[in-house]
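Naming follows writing order (A, B, C and D), and every chain is counted from residue 1.
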């Protein structure tokens, strides 16, 4: 019996959603599923197209970066996923991070390439995060030289720490000059947030096209939308 | 026998059109179907994806806001639908409002986030409304605190009253910082108007991208297009 | 035996291409097929959705505007088609106009609403017309009052006469504040030109977004591309 | 036995990818597959739509421009392909160019019509080329008169020579006022690069829409992304 079967299944299913949701062409995106109790995550193998993926081809990696299961090379972004799980997730929290998605969806990439955080222009954004979606700094030459993918993770972690952001409340980030990462309570929710991020980035770009001086949503409206979905008295859904 | 069966069927069918017409991703839109004689409407349950919907899952609500049929929570936007039916529809009118659609379609959201009413730039717009598509004000902090979704309905009602607009002649509105609502003589027509609104918003944004000083359509042309489809001597269709 | 069967079949088939090519949503487009020897054309019935169309539902109209076959009302744009056939086609010419398409495709509508002719920015355009795609003037109040759809035809005819344009060499036009018309040697080719027009309008808008001072293609390059496809020594195709 | 069967199959398969990847409408694109040992390439016949193509309909042409197999006229762009193979490929190199794709994909055409090379704004670009994607000059009147399609090839070759670019490291080019060409180690890889080019052009246009002063990616980051996929110590993929 494969002890990682259900974790690999979860990662496999979520990776299939990348082309279905048009979040990346070819192999330009990857999802991982995390088991905080065993400290391992299953992730897409590197450079394999989505229609060639199988549950068995998923690669299982531990928080020290060792491949513990799987015959293929894991995604080249594996170290980034690892650092995010290691430093931004809190296994003790009930709603802990258990999935991460990285894509090159075009509107999110445009904001990342413009090196802009995404302001909260409307309720679609506020429903999923009560603050701007942060964009990191450009990575330093030293960090690039040392261990690029690991340092991409560090850059994300630092961005959240410096800005005092809680990754449970803001499940999306843009890496400057690169593209989006998103996470969630499951691998499926991380894909959901990656799709939300692309849609919100599209809406925000179109908003600025119409009105370059567009005002952000007032704080009391941002708060209301966030609370009705995520607050202690949330009343959205079943 | 379920006395609300056909009303729930109408709402169910119309909700299925949201993903088919690409008017919202995930669960970001809802349609209701109204019976003015019984004073009730059937609406999508909250947070349920379109492919999981059934006729039975629709929720029936009366004009006082009581759930009169259905086991699930109705859409979180139910109070907005209720106020629009209660205050903007005229059961005595032959062409009364009997359906409402709310979506987060991206071009309509962009205009709502830019907080701009949509000028009549062409005949595509004039065919469906002989005036600008109004955008509400941003809701006050007091209204947000009191009963947000009900106040969204009030905001729409006030926008029509202040501007002296007749909802039979202008079946679309943008809620500032939020997104579009549209209505019609049936639930299906409300979806039609939601799709028209998205297309007109896209055309208007592209028009301003080409020509930021674009002139609106002269009033005599607006009037002509409206009249040939909706006036006493309308000659469009069969 | 129905003497108009093949003409109606040609019109029916071409109308089906409108939704397939995403040139209009709902019923916002129509194609006609013309028989210059009998002086009649078959056209889409008004307000009928494409999936409800049948060969039998096509309406046959003569150049005086009389319905000579069909039970339904013809397209509300019938008079525009009629005037274009009557005044811009030359039955004696071998490559005479035998089909017209009208749509509300969004990029072409944006140029029409901006009231701009489309400059020749590249070879995609030059392959299909060796000059700008003309945009008409806004129709006068008098013309709108008299017979709107017929006057739309007159506006197109006048635009070609004033600018000395040959409709065989420029098979596309934008009606200011309204949208595109295109024609061809067959109904199918008129749809082809309607799709070309939408794609060229999209490319031209994106070009100006990148470079508001973009130069037009030099005349010798425009001429070369036109001639290799349409000149006496054309060598494109089989 | 047809000695060109596998070459024609490769060209046929790659041409089918043009409509699947939405890289051109109608017949506006062509792919060729090159055999450097025999000095011949198989290319799409001119003006034939993708759904009418067969393996047998592919045309085989040698490096002197003679048709050596096939009954149809080869693509009108055949001379451009020929010059690129003749002057930019190096049969001795292990990773020699063996496929070329030409399309009229809209974002790449927009950059070509704006006559701009595409700056490296992000890692999506750097993953596929460690430098700007070059745009040629506009062709001179003399070159157009002499042999247009051959001179298009010469223009591309000169652009690479003047700028000291290695076609193995930059597999994409924009012909000013016309559109994109891309190549690769196989016909399939040339299509891949044509799709990359369209996506990168879209991302770059959206980036400039958000931030007209957007900075290019620092050279050390460009280099890192290129090297991890293509350098001597590449570690992307299996």
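The rule is simple: a residue touches a chain if its C-beta (ideal position, glycine included) is under 8 Å from a C-beta of that chain, and two chains touch if they have at least 3 such contacts.
Predicted model, so just to flag it, every value in this text is computed and none were measured.
Novice: Among the other chains, which touch chain C and chain D together?
Specialist: none
Novice: How many degrees of rotation carry the C-alpha atoms of chain A onto those of chain B, rounded to the nearest 5?
Specialist: Copies differ by a rotation of 90 degrees.
Novice: Can you check whether chain A and chain D touch via the same residue numbers (shared by over half) or via different ones?
Specialist: Different residues, largely: of all residue numbers at this interface, under half are found in both copies.
Novice: Measuring centre to centre with C-alpha atoms, which chain is farthest from chain A?
Specialist: The chain lying farthest from chain A is C.
Novice: How many angstrom lie between the CA centroids of chain A and chain D, rounded to a whole number?
Specialist: The mean C-alpha positions of chain A and chain D differ by 33 Å.
Novice: When the C-alpha atoms of chain A and chain C are each averaged to a single point, how far apart are the two points in Å?
Specialist: 47
Novice: Can you pull out the residues of chain A that are in contact with at least two other chains?
Specialist: 209
Novice: Inside the complex, what are the residues of chain C that reach chain B?
Specialist: Chain C residues touching chain B: 25-26, 28, 45-48, 72-73, 76, 104, 106-107, 109-116, 138-139, 141, 144-145, 148, 177-179, 205, 208-209.
Novice: What residues on chain B touch chain C, complex-wise?
Specialist: Touching chain C from chain B are residues 121-124, 192, 195, 199, 202-204, 206-207, 209-211, 214-215, 217-218, 220-221, 224, 228, 235-238.
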